[in-house]
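Look for chain A in each of the two complexes below; its partner is chain B in the first and chain C in the second.
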Partner chain A sequence: MSTRAQPAGTPPSPGAGTEQTEPDRAALSAGARQERRLGWLLCAPAVVVMIAVTAYPIGYAIYLSLQRYDLRFPGQAKFVGLSNYGAVLSSPFWWDAFWVTLFITVVSVVIELVLGMGLALVMHRTLFWRGVVRTSVLIPYGIVTVVAAFSWQYAWTPNLGYLAELLPSGEAPLTEQWPALWLIILAEVWKTTPFMALLLLAGLALVPEETLKAAMVDGATAWQRFTKVMLPLMKPAILVALLFRTLDAFRIFDNIYILTAGAHGTGSLSILGYDNLFTALNLGIGSAISVLIFICVGIIAFAFVKLFGAAAPGAEVKR
Partner chain B sequence: MLASVLAACGSDEGSGRPTLNWYNFPDDSGALQKAADRCSQASGGRYRISYNKLPRAADGQRQQLVRRLAAEDDSLDILGLDVTWAAEFAEARWIREWTGAAKQQAVEGTLRVPLQTSTWKGKLYAVPYNTNTQLLWYRKDLVPTPPRTWAEMLDMAGALARQGKPHFVEIQGAQYEGLTVWFNTLINSAGGSILNASATEPSLGPPAVRAAGIMRELANSPAADPSLSNQMEDQNRLAMESGTAAFELNYPFVYPSMKANNPELFKNFRWAPYPRVDPNRPARPTIGGIDLAVSAYSRHPDLAFDAALCLRNRENQLTAALEGGLPPTLRAVYDEPAFMKEYPFSAEVLAALESASVRPITPVYQNVSIAVSHTLSPPSGIKPESSVNTIREQIDDALRSEGVIP
Partner chain C sequence: MAAAGKTHAARWGVMNVVVVLYALFPVWWIAALSFKDPTTLTDGDYIPRDWTLENYRGIFDTSEFTRALINSIGIALISTVIAVALGTMAAYAVARLRFPGKRVLIGMSLLIAMFPPISLVSPLFNIERIIGIFDTWVGLIIPYMTFSLPLAIYTLSAFFREIPWDLEKAAKVDGATPAQAFRMVIVPLAAPGVFTTAILVFIFCWNDFLFAISLTSTESARTVPAAIAFFTGSSQFQQPTGSIAAAAVVITIPIIVFVLFFQRRIVAGLTSGAVKG
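So, the complex of A and B:
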């Protein structure tokens, strides 16, 4: 996008930014100008597609969120300002879903980080069948979430599933809020720990063997080597893994949709948005919910990048 | 690919014989396809009906139709609507009103209660294709005489539990529309209703408190299946077939299913009218079923009205009943000897349909249903008085299409 901000007529030489000075621009040859126009023509389709698939829907959602717009009452659509946001933010359903989402996000990401780190260490140190180990760990991540969610659902249904058989008879864990929330978290953890492990494994590769050996010579215990040497060096990889997973977990939809459909106080914000848009056909309220989720995701990303971002990949680490 | 699709449509138009697209629930029995073929044949070359299957779950069906209609898709002609959608689709101006000769033909000989579901603000917007109603299914080896009331049924279940016999009452207790239907049946059987007659505000009142009380009582009695609060029609059917239940409140599709899946139990599988709330007032089970409507964006509306009437004619309704188990909406079919023979509970179904109730007829039925099912779930946690107050507040919001739905 930065190229769009450049004044017209800037030469297309790589590395030349907006610091271009006036004389340079004047000296632009006809050939260079033509080449530049060609560059624009070549990238125009991509720009148009980007605007069509991202900017337009987001803009339209914001526009809809300012309307009273129920598909069933087409004649009653009108501009209502921020009142949809007021209705959503003052609704206990929004806040119930918000806390449920936050709970699932925090708990599942923490568990995934710990397990993923363990798996990454195992995979990093494996001497035999390294390829087989790494591939087999990835299997849960490769299974379509909805398919896996269905098997979890059946597994926990009394009389049908093998896991429900392990519980005392008469227990139906998916029908109660807390057991259901933990099972949703379990399904999430099962699905995405491999992804976390893979990102952390890449981080482990950043830790030089010699540094670890030097620490060992200095008498550092295994725990000290892990916390004082490996973790600080892996920080960029850990932050990226956490950012990805937090954003993903915050938008959780499929596991909940299949396991409980949001019943018994297990609905996330995405489920709330879906229900208001597709079941209630209330485009105004539904769009307001979507925009609010978008803002939440933005805040999470901002927090990660700005607050912890000093060690993000590509950034200069201050020593 | 788009081009080839367009070409395919075009060629059909070119031959002067338009294709009418009929979107309806997925039917495995073949009855719907047969009806489409017969009517195409009977049209004498005026049109061809193509039967397109919608998703299996009602919510999925509604979503697909809504998505296409909101986009003014003109490839839809005849729509199979769940009985609760006609008011909504009419208000959104997605379906056409039935008038004149077509209306005359649609109304003639059609059962009264199903016809209510296709009417909105005094105008007819669809023609009832099939109807449906729940009966009480029970095991004769456990219960020699079926219960007449809810109280009797719960007593019987308690007695069976004490003897260590199968004793569950299978009913739709999950947080979805089935729970609303259960509540609607009980409240109507108790002499009340969810909305007032003009569908402008909630009526509820003492019958609602009574209905909620019965649901709570069942959920906290030995009659409750442990999965009650996650169960829908199909889980009820499976539980009954696996032999853990003594009673089941469900639609007639369970009958052929039991016959096929558990012939041993089938010998003792019987049906009776839906249990009453008051011993001296008949139960008013909620009807289900499909209404056929004509899309507002259809390019051949006149042909579509004609085709819809053909699809639900006597012959096709009989096939749908015998092969697909769907109760007809034409009164005359119930006197058909072939039907009475093959459909052993036809008399009970007809009796149930004559005293039946409909779900609240309003464009915001979805919101009303969610308000009810969300508040009454799980049934064991119902506090009759305060739950009914909560439902009233949420329905008030829903009728103004305001507020967030859970």
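So, the complex of A and C:
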């Protein structure tokens, strides 16, 4: 596996990110060799931990997903090939959860991008209270998602919440699919827009004041300055923020678990995986779902990197 | 001109108020709930009419909450210390040293940052059951540490690039080995960045819910976010609303303190890690 760190002292395998060419390597100075050794030594613990806790379990998940493995009947475990995948992919539960997840992801990320840009501009440009504004914006980012979700749940609970009172009496929005989905999106947007806004704020800092002034002198309107000058310069930051938030939204769990527990057609893929594992205790099916979610996330990440190439975070680390 | 300036300022003022209200209102609402006594819980007031600490007394009366609070603090602190220690070493190497495999390391940690945790829940559940760390502190510390490592590596390597490294060279000229130069010159300079990263990692561990409900089954390792999801009222006819609100406020306090005191640093940590890679 090429992601494994080289043990200190061994020559690097060809192609594993080697920066030296063949003749150079023979002539490595003592200092450079020492630097390499130290580099590997320092990275080794982090690499070992990351491989042990992610690569190994995902491999194990693939293995489990090929078994019939139900914790209620442990004696009946046996190899069943791809039939768990067949069972999951032909089940309406998977597809319902898939579309729900996709819907929540797309809608919340779009809203977050627009709102986050607004927030970032306010934080960047505000004339006073800058500290207060930034501090308040950080609170939703830091607050425990479960706490925020309870706050929203109570707000929409009839007879208890301030928001439920705005509705005609007898309405319980969390018990109907579409209203509940929108409320889940609302909770998600509230909680994660600050993160988006902060990443965009960092992007705004990349836009030189002089360029904006020059555009102003040339007679560009505020909107033109925003779309023609700021957005192109901010593109890398926007794409990073979009990628991170999309993948994060796709694994949505906490908000749904608290707000509806996945009832009334609001379960996401993560909720589906959790239910299969902990309610049905079916490790085989649960693992197949885990692997499929992993593949979905991989496809999203790949699409981002492929579509936007150079803007992918990995590429930016180049020095 | 002065009038235009005034409307301009007023417009910013209104916008700022909107932003602050948007960010804080849900937090205020649950805090207000926690101070209401059960009879006025449903009055819909934004400010409790009669303030009471009854809900707080209630949650600290039983071991369910206090135990969870101890678990949360212990698990988050230990995970943070380990993740930051390993992350610091790796980030130093990434920011400073030239060695093959660096690109792969960065790519790998990026991959882990994007990993869907639910994909690890079923294998980890089984592995932890088999090796006997299911429902223990270690069982939660290991995944927390792993998932916060990429965050630590990114933020720290961004901080490390800002450090005046000539000082290290000077130390080396004076005869220090790279390891000595690292320990005696760079570590003190890097401390603020390390501290900021620690706060971010702590917030991350403090927040987790999925691992906390999947990899625990009893009070022995369940953290507060998981525990409040399982709260029940003191009688079966009573909703645990007040207790949940009080517990929610208690676990929100550390975050509010961090944000109030380290706002500038947290913003710097989040944004530098994100944009500069």
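FYI, the second predicted complex is superposed on the first by the 264 of 319 C-alpha atoms of A that agree within 3 Å, B and C clash if a C-alpha of one lies under 4 Å from a C-alpha of the other, contacts with A are read in each partner's own complex, and residues count from 1 in each chain.
By our rule, a contact is a pair of C-beta atoms (placed from the backbone, for glycine too) under 8 Å apart; a residue touches a chain by one contact, two chains touch by 3 or more.
Keep in mind that this is a model prediction, so the values were computed, not measured.
Visitor: Once the shared chain is lined up, is A:264 touching chain B (first), chain C (second), both, or neither of them?
Guide: first
Visitor: If you count the residues of chain A that each partner touches, which comes out higher, chain B or chain C?
Guide: C
Visitor: Examine A:256 and indicate which partner it touches, taking first as chain B and second as chain C; both and neither are also allowed.
Guide: In the superposition, A:256 touches no partner, neither chain B nor chain C.
Visitor: Considering only touches as defined above, state whether A:278 meets chain B (first), chain C (second), both or neither.
Guide: Both partners.
Visitor: A:87 in the overlay: touching chain B, chain C, both, or neither? Say first, second, both or neither.
Guide: In the superposition, A:87 touches chain B alone.
Visitor: Under the stated touch criterion, which partner chain does A:132 make contact with: chain B (first), chain C (second), both, or neither?
Guide: Second partner only, chain C.
Visitor: For A:159, decide between first (touching chain B), second (touching chain C), both and neither.
Guide: A:159: touches chain B and chain C.
Visitor: So chain A touches chain B in one structure and chain C in the other; where do those two contact lists coincide?
Guide: 159-160, 278, 289
Visitor: What residues of chain A sit close enough to touch chain C in their complex?
Guide: The touching residues are 2-3, 5-6, 12, 16-20, 32, 34-36, 38-40, 42-43, 45-47, 49-50, 53-54, 57-58, 60-61, 64, 119, 122, 125-129, 131-140, 142-148, 150-152, 154-155, 159-162, 165, 190, 194-195, 198-199, 201-203, 205-206, 236-237, 240-241, 244, 247, 250-251, 253-254, 257-258, 269-270, 273-274, 277-278, 283, 286-287, 289-291, 293-294, 296-297, 301, 313-314, 316-317.
Visitor: Name, in rising order, each residue of chain B that touches chain A in their complex.
Guide: Touch residues, chain B against chain A: 59, 63, 66, 70, 88, 91-93, 174-176, 226-230, 235, 238-239, 242, 244, 363-364, 366-367, 370, 377-378, 401-406.
Visitor: What does chain C use to touch chain A in their complex?
Guide: Touching chain A: residues 8-9, 12-13, 15-16, 19-20, 22-24, 26-27, 29-30, 33, 41-42, 44, 46, 86-87, 89-90, 92-94, 97-127, 142-143, 145-146, 149-150, 153, 178-179, 203, 206-207, 209-210, 213-214, 224-225, 228-229, 241, 244-245, 248, 251-252, 255-256, 258-260, 263-264, 266-267, 270-272, 274-277 of chain C.
Visitor: Under the definition above, what is the set of chain A residues touching chain B in their complex?
Guide: Residues 70-74, 76, 87-88, 91, 93-94, 96, 157-160, 169-172, 174-175, 261-264, 267, 272, 275-276, 278-282, 285, 289 of chain A touch chain B in their complex.
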